[in-house]
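Which chain is which? They are A, B, C and D, in the order written, and residues in each are numbered from 1.
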């Protein structure tokens, strides 16, 4: 039981090192890739997730919403839901701390020069336009497509873990670019709330309001709705799992 | 019979959520990825189609022109042609409505600030240079390559659905960038006319002429010509199907 | 015998439609993707070649230099070398004419507005810095890596045509970006001289000198040197074929 | 014994031709792809490594740190460690010389026009912010993820060399973009010190200080730490090799 929980923690942390890391890279001063844009960042999120699957195998969820869907489908025992979710949240927090350790010098030179909201958004997803119900709807839809996609890929991919991982990366690429522009495609409590907590705790200069209300209501809840719908859809309509 | 028709509807809708969605993302104000450019957009169209195949399997056409080619080759019964085409057209419409629901706040803040033609072109394909015969020729050629490519990929890929889906994405990537600059590579009645109808119906501010003449004559007809030639070519020259 | 020669003609033509097409797209006025840059263009060249292999299978050379290497290795009979090379050259010419037909309206609106040298370079490869011996060396090296790579990929890929085709695209991507900046990575007589002839023949306004001396001496000869070395290398050092 | 050592030399050289080459391409004047940005460059590094694996097979290390990890795991005999490391260092030097030969005309026209530090950084990795302990930590972490990833990919990929090579490219893509912005992701003595020596020796105009202290202390040592941890991790936690 220790190993899978540890794998959830480590894989989620690694995902966040890639994802928060690439936002540090493109947003902060003092990095080589400053200003490299959204294709650069979303490609890293997408294929950083592939790397997590390469390393930790196809069993990891890295996401409480995905864990919920897999519990509903009987792929993960319900008794593991809370341990997995806690490990993932802590992994999200730890990964953001590691990314901050990597980019700490860039945070230093960016203090007072890079907009405080942009620095906060390195960690957590926050929409440009404040509209809670719409954001909730978007995160639910995005997660529905995301979780349905992963489950289908796993179904069709069988034993070919590498191909499964590459296809999951491609899925994140497309969802991020096509459906992510309003909310930043959290689709995962651990991806949003873990790094949001890190922003709260880390000694970053010029902090702005951390928008917990948005974080808890939208990326905190909507992915469960989307993932539950996805579990029903893949089982009921696609007839897999 | 219900399931495959429903799959056509849903897969086409999902494709359009990706494709119209990414145009919202890059064209409208108020999105995070505003101005991310054509590589960003075409990558999303391309691998969004891969995702549709990951989820709905290799049997879906998502395109009346492709349905025609598959009927000609005996892969889909002729009795399904009209039901498929209708489901796909409705899917294209529904997908554009979902994309609009996701990006509705961005449409709002863009009203009067983003050029009306650019907003219309989020939905449908319209050339920069008005030349109906040339556009017809281009859409026929593009569809010929597109449909021939998919059929060959399906032939060589066999059971490996994930690899087939990735290769179809790569095909769309190359066709879009290399052959798409004049007409926007519709190659599909459902992709163009479904979202064009959505633009007609949705409460978008500052609408411009919807260019139905172009829509019906070029993306409405030319893809059938290209797809029929593709069916003859893969059967007669390549000797597959 | 007719079929493989026709396949050489058609596949080379298709490759050039992608490649010359994407240069039209990024260079000419009046296209949607004007100014999309080199990553956009090289990605299209790379994965356009994957598409040619998807459609025409792994047997096509699309390149007299590759045909030479395959003749040296006994993969193609020497009696086919001249017919293949002629079919490929004509394919290169035909493909450039098709690309011109697709983008003819953009050529029209670009006349006198886009630099004549840039328009010529849509078709053929010409270095920014005139240095024949250096360019010869570069094209030989590039072709050596390119042909060695394809032969190795074919060896390791076996029957998995789709994966082979994707990997060849990845190879072209890397060679184009990493080794292509001085000469434009022709690596193929049919890719350079076919479209160069098309530029000579087509009614394009404001033509500039067509640089045949460069075309014939560098992309006309150096790829044979690189490909012959590649044949010796894969046979003698890698021990394949 | 000669063949594998020669393969280390040649594969490392080829990797550096891609990597140093693409930096020439984007940094120097007189190249076609000048200013193409970091996505362009990192994509080339990533998939250039895939090409090296396509050509030389899955056995090559191309990296003394990777050789160390494989010796620790019993995949490479310890007696080969020093010969491999020397061959790799010389390969890194030779590859940088070949890249310089390819781009020599561009070096010429860039003299006095492109910043001397930018020219030096074509060859070797040097951080924008001088902080030795932080850089050491970053290079150790990056190498840990890099080597763990490759070993896992090799484990899951088995005989499918092409898929393994593509996945290694994807790994480098993600690590480079997400974790590379502070130090330039050397992760390899041969990649940094070989080209650094080439910069020392080649007749480049306007040379700046070559920063050997950084080169020897950070990319010279930290990758061994990261790779050793990776060997322990994949054996002890993942239970592979």
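The rule is simple: a contact is a pair of C-beta atoms (placed from the backbone, for glycine too) under 8 Å apart; a residue touches a chain by one contact, two chains touch by 3 or more.
Chains and their UniProt names: A, B, C, D = Aquaporin family protein.
What you see is a predicted model, and the numbers here were worked out from it, not measured in a lab.
**Q** When chain C (Aquaporin family protein) touches chain D (Aquaporin family protein), do the two copies use mostly the same residue numbers, with over half shared, or different ones?
**A** Counting which numbers both chains contribute, under half are shared, so the two copies meet through different residues.
**Q** I'd like to verify one number: the distance from the centre of chain B (Aquaporin family protein) to the centre of chain D (Aquaporin family protein), where each centre is the average of its C-alpha atoms, in whole angstrom.
**A** Whole-Å distance between the two chain centres: 41.
**Q** Can you compute the centre-to-centre distance for chain A (Aquaporin family protein) and chain D (Aquaporin family protein), using the mean CA position of each chain? Integer Å is fine.
**A** 29
**Q** Which positions in chain D (Aquaporin family protein) touch two or more other chains at once?
**A** 37, 39, 163, 166
**Q** Linking chains that touch, what shape results: line, ring, star, complete or other?
**A** Contact pattern: a closed ring, each chain touching exactly two others.
**Q** Using the touch rule from the top, collect the residues of chain C (Aquaporin family protein) that touch chain D (Aquaporin family protein) in their complex.
**A** 37-39, 128-129, 131, 134, 137-138, 141, 145, 148-149, 152-153, 156-157, 160, 163-164, 166-167, 170-171, 173-175, 177-182, 184, 237-238
**Q** List the residues on chain C (Aquaporin family protein) that touch chain B (Aquaporin family protein) in their complex, please.
**A** Interface residues on chain C (Aquaporin family protein), with respect to chain B (Aquaporin family protein): 3, 6, 14, 17-19, 21-22, 24-25, 30-34, 36-37, 39-41, 43-44, 47-48, 50-51, 54-57, 98, 101-106, 109, 161-163, 165-166, 169.
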